[in-house]
Amino acid sequence: MNEAANDRVHLTREHALHLLKEMLRIRYFEEKCAELYSAGKIRGFLHLYIGEEANAVGVMQALEPEDAIVATYREHGHALARGLPTTAVMAEMYGKASGSSRGRGGSMHIFSATHRFYGGNAIVGGGLPLAVGLALADTMQGRNRVTCCFFGEGAAAEGEFHESMNLAALWRLPVLFVCENNLYAMGTALVQSESNPDIRAHAAVFGIVSEAVDGMDVVAVESAALRAAHAVRRGEGPRFLETRTYRFRAHSMFDPDLYRDKEEIEEWKKHGPVLRFRDWVLSTDLVHATDIDKLEADIAREIDDAVAFAEAAPWEPVEDLMRDVYTRNGMAAA
Amino acid sequence: MIEFQMPSLGADMDTGTLVEWYKKPGDLLKRGDVIALVETQKGAIEIEVFNDGRLGDIMVNPGQKVPVGAVLATITEPGDARAAALPPEQRAPSSLVETPPASVAVPRIPREPPLPSPPSTQLLEPTSPSASGVRAKVTPAARVRADAAGLDLAVISPGPDGVIGLREVEGARTVRSTPRKSGLDLGEMRKAIAAAMARSHREIPHYWVSQTIDTTALFDWLEAANSKRPVASRLLYAAPLIKAVGLALKETPELNGHYVDDVFKPSNSVHLGIATALRGGGLVAPALHDVDVLDLDVIMAALADLIPRVRAGRLRSSELTDATATFSNLGEGTSESLMPLIYPPQVAIIGCGAAALRPWVVDGAIVAHRLLTVTIAGDHRVSDARRASQFLSRLDRLLQTPEAL
Amino acid sequence: MTDAELMNVVKDTLFSVAPDLEGEAIKPEETFRDQFEIDSMDFLNFVIGLHKRTGLEIPEADYSQLQTPADTVAYLRKHWSQASR
Amino acid sequence: MTDTRRITYREAVREALREAMTRDERVFLMGEDVGAYGGAYACSLGLLQEFGEERIRNTPLCESGFVGAGIGAAMGGMRPIVEIMTINFALLALDQIVNTAATIRHMSGGQLSVPLVIRMATGAGRQLAAQHSHSLEGWFAHVPGIRVVAPATITDARGMLWTALEDPDPVVIMEHATLYNEEGDIAAEGDLAVDIDRAAVLRSGDDATIITYSANVKKALAAADQLSGEGIECEVIDLRTLRPLDDATIMTSITRTHRAVVVDEGWRTGSFAAEVSSCIQEQAFFELDAPVERVCSVEVPIPYARHLEEAAIPQPAGIAAAVRKVLRR
């Protein structure tokens, strides 16, 4: 099988429906979270992925079950795309004991060992060194698998970004860096924080092959991710993928979003990842409206089941507060 | 070897309760050292030892009430080797015996003096091993409070949690003494005052002479003097008043001495008992020695030292027995004059009312002046009103030239 | 200094003069004389204590403003420079 | 009493920032999203329009970088106010703070000083989970060379900044995240600067002394009020400054109450409360009628779920229980 062939996306009917379903699941889940936050069911910080679904879904197609994923505090989409059950993720939003982190992590700290989903991270850039380490362990133990590290363009200003890229390049580690550049680090536009806003170019400093791709086009993202992931799997060292995307909602629930023009947001919405892909597949007759209606009904039910599950799930008993501080519970200091 | 006996601290004292030993067997003693605290109906009094030596055996334990004259402990004088102490088990606990126990002739074996325990650790020494021998848990604050109140930790029972804290010390203290938490037992004191006053009324043929004195000069001088003095050395009007009384008493010997066994012994020094009221009732009149020769600042300092000690129940036995006359000042209240009773065996007591603005004749006109009515009670067996009024007019003249006091 | 701190200064000075009063509840509006049978010697010592703590040269004419704990706090608030910071 | 006005802690901080920048043109504010966004806690809202981008300086997300830059600017003659969004991100800047800001005066033999003010939000209580809920004031108070203050009241939030700016040495101001919405009265006008050297007795009482700082002052006062109903009168001390620690005020109080409870949102082991507790036993041992009690956070990464977070950090009920314990009730 030549290299070029398997980098291209085979868009069968079945795959198109899969991509659309995955993006819609994330979209509906995040919209339900916004609603639940306003109802006080979800507390703390909540950073929604609406508008960026194509990145997680696209990249996830290039990863194998044994690959590892490190993400950020905007990681609901990545978790769902990776296969974490909506019930467990929603219960974690509620802080329930059946949540993916026993209710202790909340929105910014979704974890799943079985999915090798090494979590959200509330510290900007905090995940990059972690990904480098996971890849180092694979290399030292002779395992050929990819560690995919998602982060935002804001992290590019953190020291850990430069330190991690250097280590990955220096030690030829199997890391796929995916920078989801949504143009705003909370309230600061990219041009106000980066002397060189072309994030992709930063990888060149460390000799890491990089590519920028339209983060609103799930097929383009998948294709670029396949190219990068295969190179990493061939042992050619780390790869850097910048997906140019946009978040349709504020940084988090408690953000008046004054730093962006309304027109700019509306303009991006016109070319949203779900809208574009749905119109395209309908236009190619690959998928029909009835398929999409059934798809949307199934997803709505899935989300409602997740909410019911979270509502009914138990709180962790306060007596367990000290569990898991140390592996052997007896070591916990009083 | 000396037998140290329960001292007689007052004419009407016949028993005393040993509260606490301040010295331990083997301690070196110097004349005038305070070696124990004794509870009398007049309050807890520190008793001194009157000769040098080394404390031998303690015969009376804290809490025991013994008659005046009972042997409290033995003291070996320097030079004579001490008789070997009887081994503790054989020594019968000194029960309440009428006559002091005869000293037992025992072969003299020189005893090695025990090393004096360093004072600093003394505080932390376990002084109250509880019944099970386990070191009782005493909080630092409780140790300090118990020591300040002159309480032995051994007499305090710990709380339900086995700890002796401030609560337990306070409990022990109030049970033992007046509700006002001072070192004196007001109930005992009331009985003592009643006995003394009844005897005074019964035995002494009192007469009273009073005179109203214009104290304008005194207070003008005082105000001027105080305005020039820093806060810490300001004078109360009681100081010049006491000095004047002392000087006047010096010049009227019949009012300054003791009447004992039908004989009056005039005193050539003037030790003036200062009647001091205690919060919550009760009265004590410890003596201020040689008031006629002290200057005003010394009198103030003496008063400042005396009164808190009275309240804390910490008086030296000499202070209670040496007064040659007594001075009772009702200055705080509003009463104009008082007719006091003499403290036996003294023969006079001077009572002062409140110094207040009242009408007064000056050059034939009525004016408002600050006046003080002084009343002296005398013992007719020793003096009579004529001498008393000479005393009062001498006092009046002295007070007109306060700067000379 | 807060009023609470000034009241503590008054309390600590009073207890140093009359240690047997420690632990008694203090009524801010009642005179020292009525609450605790404070006599002129105690009161002088109390004034001396306040002088040592605050450095204020409290003239005898001001004694009338120090009759109750609350008056004393007000007096300190007015005269003691450090209290106003 | 002069007339007062009612403002929030956030407005007090903003007023202090505005006043400092108006009084001294060397003063400027630097930090993540302090500009257009107006600061993560909206403390600098509106300042960009008033003072411009030069002096309300947005930074990229590079805490070590911009705190180090703040240190350099201070040494270069400016009077920077560096805002680290929260103490959780200050960990990235600890090297600059400990190895440069705190050390350079001493290391340079007294030649150089760092007149820098660093402000950061601290503490838990808003369900932000472990990485956003740290209380590490004790780490900073451990370091010689910097001063650490914790304004708990509106007056202090308004008055400490100017005094800190006038201090030739680095001062770290810890603003607990749950205090920003608090309201309080403050003098209408006049010099509002306050000292940063002394603790304050906020409530007088003779039975026990509760010593705390920052957001726990409110909880301590609540506990004291609750205990007052049981006939227990507590003295409440707001430390206000963690380094240097105002020993005198603490010991004077304990000399009267003989009992101490120290409340600190840090974890118990090696906490700032441990430092206060050992100072007390060193200086007031003979006044103690019970061991010093500490009320700290449970030794666990602060959990997201509300009921777990509430169980993990100090609460009035826990403080009251500690007081009853030192009273052996």
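Note that the chains take the letters A, B, C and D in the order they are written out, and that residue 1 is the start of every chain.
Here is the rule we go by: contacts are C-beta pairs under 8 Å (C-beta built on N, C-alpha and C of every residue); 3 or more make two chains touch, one makes a residue touch a chain.
Predicted model, so just to flag it, every value in this text is computed and none were measured.
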item: By mean Cα position, the chain sitting nearest the middle; value: D
item: Result of counting contacting C-beta pairs for A-D and B-D, higher pair; value: A-D
item: Distance between the centres, which are taken as Cα means, of subunit D and subunit B, whole angstrom; value: 55
item: Averaged-CA centre spacing for the pair subunit B and subunit A, given as whole angstrom; value: 89
item: Cα-centroid distance, subunit A relative to subunit C, in whole angstrom; value: 69
item: Approximate Å spacing (C-alpha centroids) for the pair subunit A, subunit D; value: 36
item: Shared interface positions of subunit C, touching two or more other chains; value: 23
item: Subunit D residues counted as touching two or more neighbouring chains; value: none
item: Interface hub residues of subunit B, defined as touching at least two other chains; value: none
item: Complete list of chain pairs which touch one another; value: A-D, B-C, B-D, C-D
item: Touching residues on subunit C, where the partner in the complex is subunit B; value: 18-20, 23, 33, 36-37, 39-42, 44-45, 47-48, 51-52, 57-60
item: Subunit B residues touching subunit C - in the complex, by the definition given at the top; value: 148, 170, 180-182, 223, 226-227, 230-232, 234, 236, 238, 277, 279-280, 303-304, 307-308, 311-312, 331-332
item: Residues of subunit D that touch subunit B when the two form their complex; value: 258, 285-290, 328
item: Complex interface listing, subunit D residues touching subunit C; value: 195, 200-204, 206, 235, 252-253, 255-256
item: Subunit D-facing residues of subunit C, complex; value: 2, 4-5, 7-8, 11-12, 15, 23, 85
